[in-house]
Amino acid sequence: MSDDTTTTEDAPAALPGDGLREGIVDDLRARIGDALVDSHIAPNDDVWVRVTTAGWRPAGEALKAAGFTYFCFLSGIDWMPSPYGKGEDDPDAEPVEPDTEIRQGVTGGETRLQVFARVTDLERHVGITIKADVDDDAPVVDSWSSLYAGANWHERECHEMFGIGFNGHPDLRNMYLPTEFEGYPLRKDFPLLARMVKPWPGIVDVEPMPAQDDEDAGAEGDSS
Amino acid sequence: MGLVDKGRLPAPLTKLFNMSRSYSLWVYQWGLACCAIEMGAAFGSPRYDVMRLGVIPLPASPRQADFVCVSGTVTDKMAPAVKRLWEQMPEPKYAISMGSCANCGGPYWDSYSVTKGVDQILPVDIYVPGCPPRPEALLEGIVLLQQRIKNEDMAAKWRGDEFTTLQRTRAVEAGEVDRDGELIAETHSISEDPTPDARPEPIVVGGGPIE
Amino acid sequence: MSLTDRQQLSYIASQAADARLNVELETEGMTLNIGPQHPATHGTLRIICRLDGEQVIWAEPSAGYMHRGYEKLTEVRTFPQVTTLVNRIDWLGSFANEVPFILAAEKLMEIEAPPRAQVIRTILFELSRIANVSLFLGDLGVQMGAVTPVFLAFRDREYVLNLIEGATGGRFHPNFDRIGGLKDDLPKGWIDETRQVVKKLMQFCDTIEDLLFGNEIFQSRMRGIGVIPADIAKDYGLSGPNLRASGVDWDLRRDQDLPLAWDKVDWKVWTHPDGDSWARCWIRLQETREACKIVEQLLDQIPAGPVMTKVPRIIKVPAGEAWVSTENPLGEMGYYVVSKGDLGPFRVKIRSASFNNISIVPWVLKGVYVPDVITILASLYFILGDIDR
């Protein structure tokens, strides 16, 4: 062991509390003003904020200035329920009316597609998830790639998977799929063809569960 | 090798050739995913030690390899490269498909980017099922491949029709050919009927027909 | 880090010599393609380098040869089925991949595994770290032309795999973690066997340190090569040993509050100020030792009790969003799970460590010499499934 190395034995002074998280949200609101639409704090766990589409990049800048220098990930989400279901439902069962209502998760939203990212403050040991709506007709937001270098690849991936464009991204080539590939796989309306042509093999040998032993099986669950 | 050209290789000589071929196999390892690690364990670790079977891993290029071990998930993007690799290998060549992914898509049977089985792009001789198969299973696959090579009728193979000794026995039993390999029935013509790349039935480790 | 005048002068002189040579030889650019199948790439990564003489002037990894569509597939699986998929992401440390997903599901369901399960989870987590990193340490030699370490690594890794198999039934895709606990308890005699194996692995670390880290060739191929400063590392989201080798003191095992047992034992987070290839490898070596220590201590404190809490037979996870990440062998592995109250997740974003770790390649390879490409890639340590998912 050479002497130019360091070790750390001290645990962090204290893990972040909700007070700190509220402070972060207030600080962000002070920096970007109305662009911050909504926020949500899960007690003792995590914090989410939602910003406007135009506020996506300013929010990133503000967060970086506020000490969130560690880039964790960036991705998208499609809130439309899948029109195809899981493709493994019992073929004999009554077809249920597919759910088409778009319900966004925490911090809400107005559009079907959203981008979300997570950045972390390594000093204060706290991370924040930030979301933004993406216009359904012109799904484009500003790129973070000049802000966080790591966002470059994540945005390429997001573009490929969701068809969300990123203004100012140097190079939005496909990363995973062959160039001829059509469609955006992670959008909910992208069908998994293999599931369409072949029924889920697990469905054929479904046996009824062994009779439930009331003591250990916990009646609290919803056993539909 | 004039005898071979005329398609009349004496049986003892065939046997000798086959024996030598089956114990000096160079394997090209096309490790694609998790299974590659188990393949590495089979080929590179002192516990499994594939060389005792007469198989030598790590050739310099596919052009020197006798069989290829495709282990892992073949994706649609990778498939052209796998095909090119297969084309680069000289005949006679064999393929072992290791792992559920290479056999049929495995856990990704419904994925949009995974090729559902490497047998769509190259003819597979041995399937080793498992996710991942234990190194022992791969070794058994290799032993089965060696048995297949030992049973091969080289002259028939070089003529282009695939007719191993076992298949001949079966055909004799079925009354399609007589003992000298001459056709009895018109329906199954050996020299013309099989397409040039028709290959014998693949073997599945742990099940299926074993030659 | 400041350079001495002498270093600066010699650097200028060598640059000038290079420039003269370039004028004389009129070297033309050349494109070198490494992969998609190359022993040094741990799978099917393809790296395209543009060279000027021996120097890389531009490099770009081309991923996607192993893209299996996990994120889409999780949407059509039920929660218990997802673990079967996700432990194939980083295939060398499979058990560690299951844990954050299960924790995220448990967080949404607001249940917690019983203490015994937590400790066993931590032990298996660290064992999979050992299995993963020991292969890295062995492979490191191969990248530099030394073949012995890899045989040692495969030999000693088998002991760990035997343990994992003994406990879970799978050599490296255990699928052992369940929502609410573990599938099974430990088998009889497992604890004693583990104690012995951990000792063997400690010896393995010493051997590798003697064999590789003390080797002059190794040092001169690694020291000062591929330096990544801390702020760049954070910007790219490097994690795990790669980040700690740049002097950033950040370890998710210590720095967050998870229902696992790391806070019950005494261990260290190692960092190194240099940020070069050597530092990255050295940190991994130390981490293997720390993992051995953690396992050794935890073996003495496995509490009695059940390994499974009460969960409904058919698991429906309440609607909500949760993010859980853990310090996996390769770095920060996290799952952002969105549930809508169904049997399966609505969306799972998988944040895998290698994806970020390898996105720095265009930056770090710029200006290095061709032989160093291999060592830098080796020291960054990625697994293809973890990049492409």
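By written order: A, B and C. Residues from 1 in each chain.
Here, contacts are C-beta pairs under 8 Å (C-beta built on N, C-alpha and C of every residue); 3 or more make two chains touch, one makes a residue touch a chain.
Everything numeric in this text was worked out from a predicted model, so none of it was measured.
The touch graph of these protein chains is complete, with an edge between every pair of chains. A comparison of the A-C and B-C interfaces places the larger number of contacting C-beta pairs at A-C. Mean C-alpha position of chain A lies 45 Å from that of chain B. Centres computed as Cα averages put chain A at a distance of 22 Å from chain C.
Our note on geometry: chain B versus chain C, Cα centroid distance of 35 Å, whole angstroms. Of all residues in chain B, those that touch two or more other chains are 77, 110-113.
For chain A, residues touching at least two other chains, in rising order: 87, 176-177, 185, 190, 192, 195. The set of chain C residues touching two or more other chains comprises 64, 67, 69, 72, 76.
Considering their complex, residues 30-34, 36-38, 40-41, 44-47, 73, 75, 77-78, 81, 85, 107-108, 110-114, 131-132, 134 of chain B touch chain C.
The touching residues of chain A, when paired with chain B in their complex, are 87, 176-178, 185, 190, 192-195, 201. Put simply, chain C touches chain B in their complex at residues 36-37, 43-44, 64-69, 72-73, 76, 84-85, 88, 91-92, 135, 150-151, 154-155, 158, 171-173, 384-385.
Chain contact summary for the complex, chain A toward chain C: residues 4-9, 11-12, 15, 45-46, 48, 69-73, 75, 77-78, 81-82, 86-88, 103, 105-106, 116, 118, 122, 125, 127, 129, 148-150, 152-154, 161, 174-177, 185-186, 188, 190, 192, 195, 209, 212, 216-218, 220-224.
Listed in rising order, the residues of chain C touching chain A in the complex are 63-64, 67, 69, 71-72, 75-76, 107, 231-232, 234-237, 247-250, 254-257, 263, 268-274, 282, 310-316, 319-323, 325, 332, 334, 336, 338, 340, 344, 347, 349, 351, 355-356, 359-360, 363, 388.
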